[in-house]
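Following this message is one structure expressed as structure tokens.
We just call them A, B and C in the order they show up, numbering each chain from 1.
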Amino acid sequence: MAGVAFDAVTKVYPGPVVAVERLTLEVADGEFLILVGPSGCGKSTALRMVAGLERISAGTITIGDRIVNDVPPKDRDVAMVFQNYALYPHMTVEKNLAFGLRRRRTPREEVRRRVGEIASMLGLDDLLGRRPGQLSGGQRQRVAMGRAIVREPDVFLLDEPLSNLDAKLRVEMRAELKRLQDRVGVTTIYVTHDQVEAMTLGERIAVLSDGILQQVGSPQDVYDHPANVFVAGFIGSPPMNLLRGTATGGRVVAGDLELEDAHVADGDVVVGIRPEALHPANGGHPGPGLAVRVDVVEPLGDEVLVHGSVEASGADARRRVLDATLLADAVSDRGTVRLRLPPRERPSPGSTLHLTVAPEEVHLFDDATGLAVRRR
Amino acid sequence: MVERPRRRLLPFDPWHLFLAPLAVVMLLPMVWMVVTSLETEAQTFHFPPILWPGTLRFGNYVTVLRESAFGTWFWNTTVVTVTIVLSNLVLCTLAAYAFARIRFLGRGVIYFLLLATLMVPIQVVLIPTFLIVKELRLLDHLGALIVPHVASVFGIFMLTQFFRTLPIELEEAARIDGASRLSILLRIVVPLSLPALATLAVIQFMWTWNEFLWPLVTILTNQGAFTLQLGLATFQGSHQTQWHFVAAANIMSMLPMLILFLVAQRYFVRGIATQGLKG
Amino acid sequence: MDRFRRFLVSDHAAGWAFILPSVILIAVFGIAPIVWGLILSFQKAGLISPEREWVGLDNYTRIASDPKVRQAAINTVYYTILFVPTSILAALFIAQALNRKIAFVRFYRLAVFIPVVTSTIATGIMFLWLFDRNFGLANWLLGKVGLGPFGFFEDPDQAMIALVLMTVWGWLGFDTIIYLAALQGVPQELTEAAAIDGAGRLSSFWRVTWPMLGPATLLLVVWSTISAIQLFDEVFFVTKGGPLGRTSVVVFYVYRLAFEQGLGALSLAGYAAAIAYVLFLVILALTLVQFWLGSRVIHYRS
């Protein structure tokens, strides 16, 4: 059992392509940390550097109390679950599970005992004699997990282990994973591009974009207080509504939305409002008002998702933060806004909804840097 | 195949009219050899040729075995071929794995140099290799036939290409599980490479079994070290008109390769087809 | 010490350990000879005797004025020009005939492939017997249709052609396998689209299939040319370069110089090496030209 520490870790590929830039992050002993971000953000690379499958260009990675930069994978005492499981196709499930233990010269008796234990824990007892080719996707995933767990490593590394499963199975396995984690309690670093997984599974999540760490914190914390526009737009589904506005003398104006006492310097800002923070006016949530022209109404069963447009122009949060050209172009003259309504409401397309939002639910970001502005 | 409606003139596909005679032409030399090997000397000199000798004289085969060193030639060739195939499998696998998966200093340069030797035709290296073998005092022994071929560049090239097609995650998973490089090679890569190894074995077997020029050049006076091809050639030279014996010797020499081909046809075809992909 | 230990377990050490046995052997028996051959070509050298005398380019200039070299070169070119197109065209035709679902196709394929595994000596014996002037099956069959009898290997004008027939028989399977693999790689949709577009059988082949066989054809042309130029076994065993030197090809002459004449008092190994190197350069140049021409003509699949 050991913690993992990244200290200014950088990975550069020939090109030059910077996959990970000065990542500094600490994973406590026994903690379940999720690395989340869009494709190409460097999360898998960071994971592979912990595993020893990629060389570190600069900085150090520490597992426990030793720096492992030059330690080969087999001596790091880590276990990894690959996205495609990487089960040895010519070996039975039993041999797959036992492989790592056998390589480390564990006595046969002990191997048998541990493999048996893990097989029961994961419901694989009947499958021990089969080959991976004869298993379903969910079963293979469990074998991959089992192979990692049976080694009783210091650190678990999981690289998008659920992304190859169908939606229903994914939900089941998520719960399963959480249960396992509670039971086994080993330091775990989990990589995913699915922010729903990140929110539900992690004790702490670390958001990456373009190789740079954007924010680290508990899921709720990151959701409630995004540190910059990228995180604000990435975490949360449907995503936070982002509009362009201007601040003058402590007053922010975005289209027909006006916010007083904003305590923010003069200049261009980005206004962020989560869909669930928008309520119909006169619905008992006093605050600045916004008029939304309804475009599309999506009844989802438990709620209704409305896509509409507003007078203010929208902001693009997908570009890299700290890039000076971020937010330079407005996506459209009328920004897209999404909101949630109770299940039976069906506003007609083309009609206008008048909504309000509580002032404390409005997020403000500096237009030039993308960073959140603290207003308290 | 595109199905086109057309009138059927014949009760069978017209291509048989081409393919059947073609098959006859391709098989005729061998079939005729078999027939000849079962005739008496007098029958072989009959013109027009006797197509079916009536009684089959397997005695010719016995005579050839008894009166010539056929057994020795066969044994020598077997020893040389099996040794070379086995050593190829071992050495080429090791080297190919390193070229395919291990990053080491000089990898690119060495691989390029090895490939470059494939471009050089045999007559260029014939004389110098002879001299080298002579310096090593291997001339006139089976060693001269074995040692230069213990590792083949073709084998290394073919296996390197193949290893690169295996999914690398399997090896990464094994590395994390604690396996050493050699362990990964033996327990993961090799079991998944059996078809490619079989192909290499079969192709190398054929080349070595059928080789003529190199034994001709290196086995000078030691008749006890003659290979099958060398022996066969001398046998034909000394029994020039005794076609019934020559035919028997010839058939016996071809049998192992024919049997191997019938059994492992798939690998022969694959081996040749992948040479085509190499380009 | 720690740096040394780290090196020992590093990838560099592992990589070199894996390749070392092979590399040493290939260096000795594959690379060294290439260099030594070049050196020999500048020397007057004996095979058995250790005599070595540096003669610079003398060997090379001698090549130009040696009538036997000229004869060998002519013979080699003649053989190559006959062999390459014949074997490739025949293989193409046969491959597309075999690329069908008809009865016995597996048997037909077997019949075509099997000669590939026969050795040059075995094939030589078979054809010596088949082409025997007095008792061979060939003359008997040809006589039935009013042709012959032919001298085949014994007739100075026919010997080379007989060699071509024999070697085409032996190599047909190889070429056919490659063409068959290439044909099977042509997506069926292409020929189907052509059929819908109204192309007849021949035109469909010419315009759709043939262009896709470009890479395979180039490979076969290069490969066949190189092996044709290096013809040896059949000449040595079947015709011994005759009759009247009409089948003496370059590699055969090189062998003669180095291993028959050169074993005695005359030291001709250097001269033979020089001829070998010139041949190598010719092959190299030819191959490059073929690839260059090929790249101009072939459209590689996108």
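Throughout what follows, a contact is a pair of C-beta atoms (placed from the backbone, for glycine too) under 8 Å apart; a residue touches a chain by one contact, two chains touch by 3 or more.
Note that the structure is a prediction, hence the values are computed from the model and not measured.
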Per-chain Cα centre nearest the global Cα centre, belonging to chain: B
Centroid comparison with chain C (C-alpha atoms), farthest chain: A
Centroid spacing, where centroids are CA-atom means, of chain A and chain B in whole angstrom: 58
Separation of chain A from chain C, taking each centre as the mean of its C-alpha atoms, in whole Å: 61
Between chain B and chain C, centroid-to-centroid distance (C-alpha), Å: 16
Junction residues of chain C - those touching two or more other chains: none
Junction residues of chain B, two or more chains touched: none
For chain A, residues contacting two or more additional chains: 72
Interface residues, chain A side, partner chain B - complex: 51-53, 72-74, 78-80, 82, 84, 86-90, 99-100, 103-104, 147, 151
Complex contacts: residues of chain C adjacent to chain B: 11-16, 18-19, 21-23, 25-26, 28-34, 36-37, 40, 47, 94, 97-105, 107-108, 110-123, 125-130, 134-137, 140, 169, 172-174, 177-178, 181-182, 188, 191-192, 195, 201, 204, 215-216, 218-219, 226, 229-230, 232-233, 236-237, 250-251, 254-255, 258-259, 269, 272-273, 276-277, 279-280, 283-284
Complex contact set, residues of chain B against chain C: 1-2, 4, 12-13, 15-16, 18-20, 22-23, 25-30, 32-33, 36, 44-49, 91-92, 94-95, 97-99, 102-105, 107, 110, 113-114, 117, 119-132, 134, 147-151, 153, 156, 181, 206, 209-210, 212-213, 216-217, 229, 232-233, 236, 243, 246-247, 250, 253-254, 257-258, 260-261, 265, 268-269, 272-273, 275-276, 279
Contact footprint of chain A on chain B as seen in their complex: 167, 169-170, 172-180, 183, 187-188, 191-192
